[in-house]
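The following pair of complexes shares a single chain, chain A, combined with chain B in the former and chain C in the latter.
Moving on to the complex of A and B:
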């Protein structure tokens, strides 16, 4: 064994395969993120509903799909759903018949459960007075939700959303167990071909790291864009002690022209 | 619907029970190591030394930005080669078991998260706690053990509970390195009996039940850690009443 754990020649050689794997990882991240978020809204409304039954059903959904490990969910969808004959003959078999479809379903359900809680927490963080004031102004409930509660909830929940998205990306590494050739699977294949334990895995890790940090930077920029109005508020209340370091940093970054 | 005989079911249940025990051992061992190393790293990296800070940044960034599964694979496949470089010829004698690889990987990854929590908690502690301990000439070891860390644990507990339940959900990953844990046992049972639904849902429920049970424990722990805080307002109101 040479001293250097990474073999540059092998790394260069396996770069195209790893990039293909990264592409698969990105797709298998993006689709469930969108589906899960779309699913999280109705579930969150049911969870916050005053009626008992929808609230209970939504809570059971959240407890099950958040509490069960992702690997079990994946096995359950991949091996378990094929057992149901009605599903096997139904039109959805195109989706559940392929490993890709199964992985997307399992990941989306898991993400939806987490996002329900994130969404609920963010919506509950919106001060009640603002909602009451909007109601007093005669704004319809739908408009209050779209223009008052959601914009604030996004700002309150952005950090939690970022954490969930990042841990979700890292969670997608397990889809290789249902024969999807994502980044982890590619690294594993190269390991099995060359018996070099370091180069493929460290290269794949570098790609994951770059992907995760790209998303992190994206969220930071998004958060800064969302809070761009706050710089003026800081200017006005400059005498009052600034509470968060985030605000202070923002005040330094964004120059407010009078 | 099911074509399982009671005898078969009992056999599979025993296997699942053995698997669950291994999962539990793996989880508790990893969490214990992660906790000890996390607290140590959290305290050590408070030093203003640039080198220490840089090392901490690199360590945290790597292990928070890389899937745990890859770390497990890296330790499992590359562990003996790593040991060989560190220990020389002695290292080549040691075989890396899936269990050992799992504990190492999970401990290394989650120590970073716990260290981050502990650092945040220490920074949120009023400076007067340190100054007071120093003014009373309390030696550093007693200061950390009896003054600072108990308060840090109180501040860090919600985060620790999070790490606890998140880590529990990542322990099944070690089965992909060949550990015969609960998930591996249920996969075998599901494949042999052609009843994947029952076994996987039962396994999921075991995980959910365990985390629900430990959440209760966390509440008890919280009450105990908060006892210093709770007495004060009570005493005050009692005095006001009197």
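Moving on to the complex of A and C:
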């Protein structure tokens, strides 16, 4: 290639449109993240319940919405629900009548299914002994959840949550198929108008990258704050001695090699 | 009981033992963990339970504060009978403090916060009140200099002393110890036993599963030997160690005193 794949003038010209797209992507990320997480809690409690029926229903929810491809889920909500006359005439049509509402619903259901499992795994990772110690102190179940299990579960689940959020952000690109002009859709439109495939797509990728890494930095800071109780330990036991032993091992190898 | 018959109220108080177990049974599936245990612990009495691994001694004390639910017989703690009713469980847990083999401190809270949590949640103490109380007991276990540290920054012995202080902050009248020194390095055992001996002198009722025979001799009013979910032999510390009656206890002592 004898020239840059990017046309700087076009990139500069597209900037406002791409930023508008990024704004839509951010909104279509944030709302389902909040709704999905809120939904994940009751579903997770049902899933972990000792009663059969709620546990079974929650499991079916998770299996279905985690298994269903997001694109097909989106099509089902957007095109499928419109076929139901009762819904078309009901009050929920405000939600399901707009592509934005449909996208929010589909993404939130998908995120809720994943978060149910992240939450369940994190809660199960809390050592039983610590919960027992709380019980022995006479702390009520509700308070044990709020003050002991949940604070620890957040720490254990943070990495999994971060992964889910990041892959979710990229997954939102799919909403462009139901006419929402998110970052990907804007880039695609510019491509179709200019026949320059690289500039808009690479610019969009850069915006996704920046957005994702902003989130990542946020998670890193949050995790560092949450884990301040063993911050010093990590430095002392992981950073320094590992390097030391590795060097010593290398030195040992050198010695025994004739 | 030495209460005089005309002093009925005092008798009522003194006559109900701290802990009364009668015909206590507990099964895990088909495995019989406790096979009809009768045990009475008077108020202020220090009782040491020992026995081989799997003899049911941990199960026994874990049944007393309902960390394990018994499936036969009676448990009465300070006159409160433990039933299926959750209310009795909470009432008994207010009377009984417990110290575990693996400390089970809250890793996300400092030593001070570990001690403050239950008094704030259960007894409605304000933060300054809870802090004052926690400081009092942390000083009593000789940790006044370490109150702001997280558990990961404390040695095993220090962690166990925080756990003792945490239990004391609920001001229980009965303390259960489940092998409190078994997970400690040898040089830390004495600092924990020292604190426990000081506690014993304060008049609190203690039921302690331990293999620390020196501690048992110095502190215990009575030693109980369990095997296969039954109490095989019990007696005051001197006769227990010097003149064991049963073959099984003789064998056990020979094993651990070797």
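Following the convention adopted for this analysis, the second predicted complex is superposed on the first by the 228 of 258 C-alpha atoms of A that agree within 3 Å, B and C clash if a C-alpha of one lies under 4 Å from a C-alpha of the other, contacts with A are read in each partner's own complex, and residues count from 1 in each chain.
Note that in this section a contact is a pair of C-beta atoms (placed from the backbone, for glycine too) under 8 Å apart; a residue touches a chain by one contact, two chains touch by 3 or more.
It should be emphasised that the depicted structure is a prediction, and the values quoted were computed from it without experimental measurement.
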Where does A:155 make contact in the superposed view: on chain B (first), on chain C (second), on both, or on neither?
-> second
Given the superposition on chain A, which partner contacts more residues in chain A: chain B or chain C?
-> B
Is A:223 in contact with chain B, with chain C, with both, or with neither (first, second, both, neither)?
-> neither
Of the two partner chains, chain B (first) and chain C (second), which one does A:67 touch, if any: first, second, both, or neither?
-> first
Have a look at where A:21 lands relative to chain B and chain C in the superposition and call it first, second, both or neither.
-> neither
Looking at the overlay, what does A:32 touch: chain B (first), chain C (second), both, or neither?
-> neither
Which partner does A:143 contact after superposing on A: first (chain B), second (chain C), both, neither?
-> second
Jot down the residues of chain A that show up as touching in both complexes, chain B in one and chain C in the other.
-> none
Complex contacts: residues of chain C adjacent to chain A = 65, 67, 90, 93-94, 96-98, 100, 102, 104-110, 117-118, 121-122, 150-153, 163, 166-167, 170
Which residues, counting only chain B, touch chain A once they are in their complex?
-> 61-62, 65-71, 73-74, 77-78, 81, 84-85, 166, 168-173, 175-176, 183, 186-187, 190-191, 194-197, 200-201, 203-204, 207-208, 211-212
How about chain A: which of its residues touch chain C in the complex?
-> 127, 129-130, 132-140, 143, 147-148, 151-152, 155, 226, 228-230, 232-233
Residues of chain A touching chain B in their complex?
-> 1, 3, 5, 63-64, 67-73, 75-76, 79-80, 82-84, 167, 170-174, 177, 184, 187-188, 191, 197-198, 201-202, 204-205, 208-209, 212-213
